[in-house]
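One chain, subunit A, appears in both complexes that follow, with subunit B as partner in the first and subunit C in the second.
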Partner chain A sequence: MSEMYKVSANPHIRSKVTTSGIMMAVIIALLPATGFGIYNFGIRALWVILVTVASTVLTEFVYGFCRKKPTISDLSAVVTGLLLALNLPVGIPLWMAALGGVFAILVVKLLFGGLGQNFMNPALGARCFLLISFPAYMTDFACDAYSGATPLAVLKAGGEVNVHDMIMGNVAGTIGETSMIAIIIGACILILLGIIDLKVPGSYIVTFVIFIVLFGGNGLDPRYISAQLAGGGLMLGAFFMATDYVTRPVTPMGQIVFGVFLGIMTGVFRVFGPGAEGVSYAIIIGNLLVPLIEKVTKPAAFGVRRNKG
Partner chain B sequence: MAKLTFVGGIHPYDGKDLSKDKPIADLLPKGELVYPLSQHIGAPATPVVAKGDRVLAGQKIAESSGFISAPVYASVSGTVKAIEDRRVVTGDMVKSIIIENDGIYEDVGFYPEMPLEKMEKEDIIHCIKEAGIVGMGGAGFPTYVKLSPKEPDRIEYVIANCAECEPYLTSDYRRMLEEPEKLISGLKIILRLFDKAQGILAVEDNKPDCIKLLKQLTANETRITVKALKTKYPQGAERQLIFATTGRKISSANLPADVGCIVNNVDTIVAVYRAVMEGKPLMERIITVTGDAVMNPRNFRVKIGTNYQELLEAAGGFKGTPEKIICGGPMMGFAMFDLNVPTTKISTALLAFTKDQVAEMEPSACINCGKCMEACPSRIMPGMLAEYAAHGMEEEFIKNYGMECVECGCCSFACPAKRHLTQQIKSMRKTLLAKRKK
Partner chain C sequence: MKNLLERLYNGMIKENPTFVLVLGMCPTLAVTTSAKNGLGMGLTTTVVLAMSNLIISALRKVIPSRVRIPAFIVIIATFVTCVELLLKAYLPDLNKALGVYIPLIVVNCIILGRAESYAYSHSMLPSLFDGIGMGLGFSLALTLIGAVRELLGAGTLFEMTVMPEGYVPINIFILAPGAFFVLAVLTAFQNYLKIRAKASGKEVRKPSGCGHDCASCAESGCSSRFYDEKAAEADTETEKEEER
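Here is the complex of A and B:
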């Protein structure tokens, strides 16, 4: 044997799609909402974003450094940090934002085994952690631009809202959730790149609309429906967080079931709950059901009748 | 009309431009030829020559040793140098007959057993069996067994697999362009075995010239149609091909014949033509030699048993430093660590690449994206199955349809985390199949 060549099992070619490429695409798709948030809430929004992202990336780096398994190059920590920041009010103390970042990466993700092993969306887990720990700061949306109450809260209290402003995003809320337009532009990027499809967000939003038509108390009033769609975290949640690969079912049928469940839960929280919001809790509760949903929605193989049991 | 296709699959870079316009060239081997006794699925053949015997091209040197087996023929004239274990493509040592080529290429003289019109069905099958023909697309299953289903009258379609969906391969393409009439005649011979069957020439639509040519030549054939298939890997996989052309579905528990189908590869059908019409046993085949590390990518008509090294030299040798050599296509072929092994009845290609894409990328954590599921033509969950395989969870593996995997490689190709899914599933399947046999 004169020369030896490399051997490996088939296949010998690989697609160009990589984990970090997907994460980069998500970051790019979040930029319209991020940019609008900074424009809408001012330079402090940028500080919140930078601090949160720095804290998630640093947490990931230190943990990887200690375990001698560096993982920051997959960019998933950046995505988590950015998503968390977009879910925070602009007035939040910066140390709190940083704490949220550490919680998201360390507690929700790394302690459960790192990327791919977390049972709930890290950004949403951290948001709910902050909501429970510091409710006053997390629900205070007053800033230079807006006096306070979010349109959904106004709507729930029976007040009038400007639907046009809500769709554009010129309203109070968390940094990245206010502009339906900016979020949809980002979502289109992900759909066109084939990174997400409409199974989860589509079934989520459709179910939610049906729910509020039936139980919202305003019937088919288009203003009420559009305000519910554009308000709160629904769009950001449906397109960017419910679609998180790790924490949504992998089976096609399971994704529809998951979306329907989220739609119902969000409706229940918004209509019957004490607050005006419900997307974050709906999604993390949905995340917990994913193993069960996957188990009952496994597809049958090509040409095979479904196995029993 | 929607294009004929299947659900799942991938679209890799096809690399066919390198060799598709290179006409088939005859390659006459120089040195010794090695004929492994096991070039097919089934029992190894039994040698009928001894060391020192002079043999002629076309002479039987090993005979079939069971129901599922196939004889082996010398492809050159010369002297039997040895009968000993030799290394084959897979790296295994296999008992082989070694013939020192005398360079005269004297043959035994070929003539058909009898004219086709006088042949009964059994005569045709006997002829195919005696010619040592096996599935030349890569499976190596003895063709005569495939053509002898329990109820021949229930066969409704004889499908010629002209998909050639593996990237880089152009041997079937050249065969269709250069010898289409042999393919069509071969298909007609097979159709004689099945009175109720229609013949289908199933070609991927990245070969429009072949589709046009075959359509022209079959315009007056009432029993043959040409079907254009959407170009997608693995369109040439048997179950996917049957589904695309007939809409029928089979699993690993069925044979194509269970849904009235018989599938044969282009080269196999041409071999049937040669055996029946010309009396020639299977002793040569078309092999593509290509890749970015090959000086002059070409398609060769190769005497089976020729050394791969000679094949490469005939294509001008290496260009640059090769990092990976593959026997067969990039999706399902075998990586070779040494070129000093013989070509066999099932060798489709020799590929040489300057870069090994597999070694370039380290596997990382699964992010549950589901791209492996989307790509899987068997509609199973490769990511999950690979986990079961890694943990030796045999029961779960079987329950979740692990045995339906056709090892096409789509999941590994599609995986953004570059996990070796196919490899893990394949090794588990191998373990389980071995247990089943016990």
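Here is the complex of A and C:
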């Protein structure tokens, strides 16, 4: 026994993937949508993004400082701030954006135990907080470039929309949701890096399309379907927010159930609800159901026969 | 006299029904959209609580313990009906604002809880003061929650504008989620004060005559249960015995 063996507690196999690495990849994947938002809405969009990110990071820093447990380096606050900013209209007063950032980090995330413990997506929680608190500001999409109504609102009112513009992103809306192409580029980066897979977004979008065909009132009209797909926050929500590791189910079957549920809820909100948009409410309601979904879809452990009844 | 004042202090601060006992959450969350509504609800409940405690205490030797709960409810419902008719006659605006929550005072668990845990086993005067203390504690809590919600959600306080001209009201605070936010923050704050008081060596006073024998104690709403280690031990021992 001349060799020295290192004795340690498990886990013995460690992955090189770190939280901050994943968060960095998500930030990079969001850059196309962010860049397009700034190009589309002008320099004010950049200010909204900077203020929101600064407020989330600062909140995380101050809380970590007070608790003497700094958690700032995992970059999750930056992702939350960026996602929240991409979900805000460009004309929002900056103090509201900052308030949303504080709410996202402090109330939705840290008070429930920090990263990994939050029961709903912090960015979407804050968006809904702002939407309920300041409905007039949060649904005012008028800015220098566009007169106001989002394509989905026009569609809901029975008007015509330019689907080509919607896919490119040259329409009114929140900062990061307008360009389907930019979001898909970012989503491809995440998929190629293996950070997300298509279980949640795939089942979400497929279910949504089926719902729209069945209940949308326009049948298989490809223009209507593509406008519904490209409009609003569907793409941003499906690829970047429904796939949040913390607030989606961990079981593969559960992820598909989760996606189907989101698709149905989004369809219900868009077709039958009073507003034109429903992605954010659909996702946070889905987040709340995650523990139930996981319980139902828990796979049987190897060698264990599942009890019937 | 000291005992009576102790009852008032107990109800308002030490065993505050909202922040410490966490009873009566339904009216707490539902009607505190403004300071005025909170105060109105609190005072209405105080009247019912004090009167029902007094009468139940007076009748405690007459009411058989098997049917005590229906008897309590009858007494409470009588006072709630009186108060509701009085409100309709003299304060119709408040009655309208509080709506269905006035008749629902009958099922407010603070009132039944105090009848069961205090009035049924104590004499009339302490029971009356226990009711007043608990009622004032409830009023205090509701007014506080209502004031914070009104201030943030509407920029006013008791219907007077206090926020500066350019203030944009944060609507969510006068809607249902705001009630939960404010209640949670205020409860956390008073817990923080309590923990700090304990850490600085101030002994948290036990209810008068506490012998750590929670199993045979009538104070079912006693907050010591939760942080009194001796009491907790006694509790678990009784549970073990019951299991055997």
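Throughout what follows, the second predicted complex is superposed on the first by the 292 of 309 C-alpha atoms of A that agree within 3 Å, B and C clash if a C-alpha of one lies under 4 Å from a C-alpha of the other, contacts with A are read in each partner's own complex, and residues count from 1 in each chain.
Everything below uses one rule, namely that a residue touches a chain if its C-beta (ideal position, glycine included) is under 8 Å from a C-beta of that chain, and two chains touch if they have at least 3 such contacts.
The shown structure was predicted, so the numbers you read here are calculated from the model rather than taken from an experiment.
Colleague: With both complexes overlaid on chain A, does A:P135 touch subunit B (first), subunit C (second), both or neither?
Modeller: The second partner, subunit C, only.
Colleague: A:V246 in the overlay: touching subunit B, subunit C, both, or neither? Say first, second, both or neither.
Modeller: first
Colleague: Please work out whether A:G114 is in contact with subunit B alone, subunit C alone, both, or neither, and reply first, second, both or neither.
Modeller: first
Colleague: Using the superposition on chain A described above, determine whether A:A157 touches subunit B (first), subunit C (second), both, or neither.
Modeller: So A:A157 meets neither subunit B nor subunit C here.
Colleague: For the three-chain arrangement built by superposition, which of subunit B and subunit C touches the greater number of subunit A residues?
Modeller: Looking at subunit A, the partner in contact with more of its residues is B.
Colleague: Contact-wise, after the overlay, does A:R14 reach subunit B, subunit C, both or neither (first, second, both, neither)?
Modeller: A:R14 sits against subunit B, while subunit C stays out of touch.
Colleague: Which parts of subunit A are in contact with subunit B and also with subunit C?
Modeller: none
Colleague: Using the touch definition from the top, list the residues of subunit A that touch subunit B in their complex.
Modeller: 1-15, 17-19, 21-22, 71, 74, 76, 114-117, 245-246, 248, 250-251, 298-304, 307, 309
Colleague: Considering the complex alone, what residue numbers of subunit B touch subunit A?
Modeller: Those residues of subunit B that touch subunit A are 7-8, 10, 12-13, 91, 167, 239, 243, 249-251, 253-254, 322-326, 330-340, 351, 353, 356-359, 361, 364-371, 373, 377-381, 383-384, 399-401, 404, 407, 409-410, 412-418, 420, 422-423, 426.
Colleague: Can you list the subunit A residues touching subunit C in their complex?
Modeller: These residues of subunit A touch subunit C: 93, 96, 99, 107, 129, 132-135, 137.
Colleague: Per the contact definition, I'd like the list of subunit C residues that touch subunit A in the complex.
Modeller: Against subunit A, the touching part of subunit C is residues 168, 170-173, 175, 177, 181.
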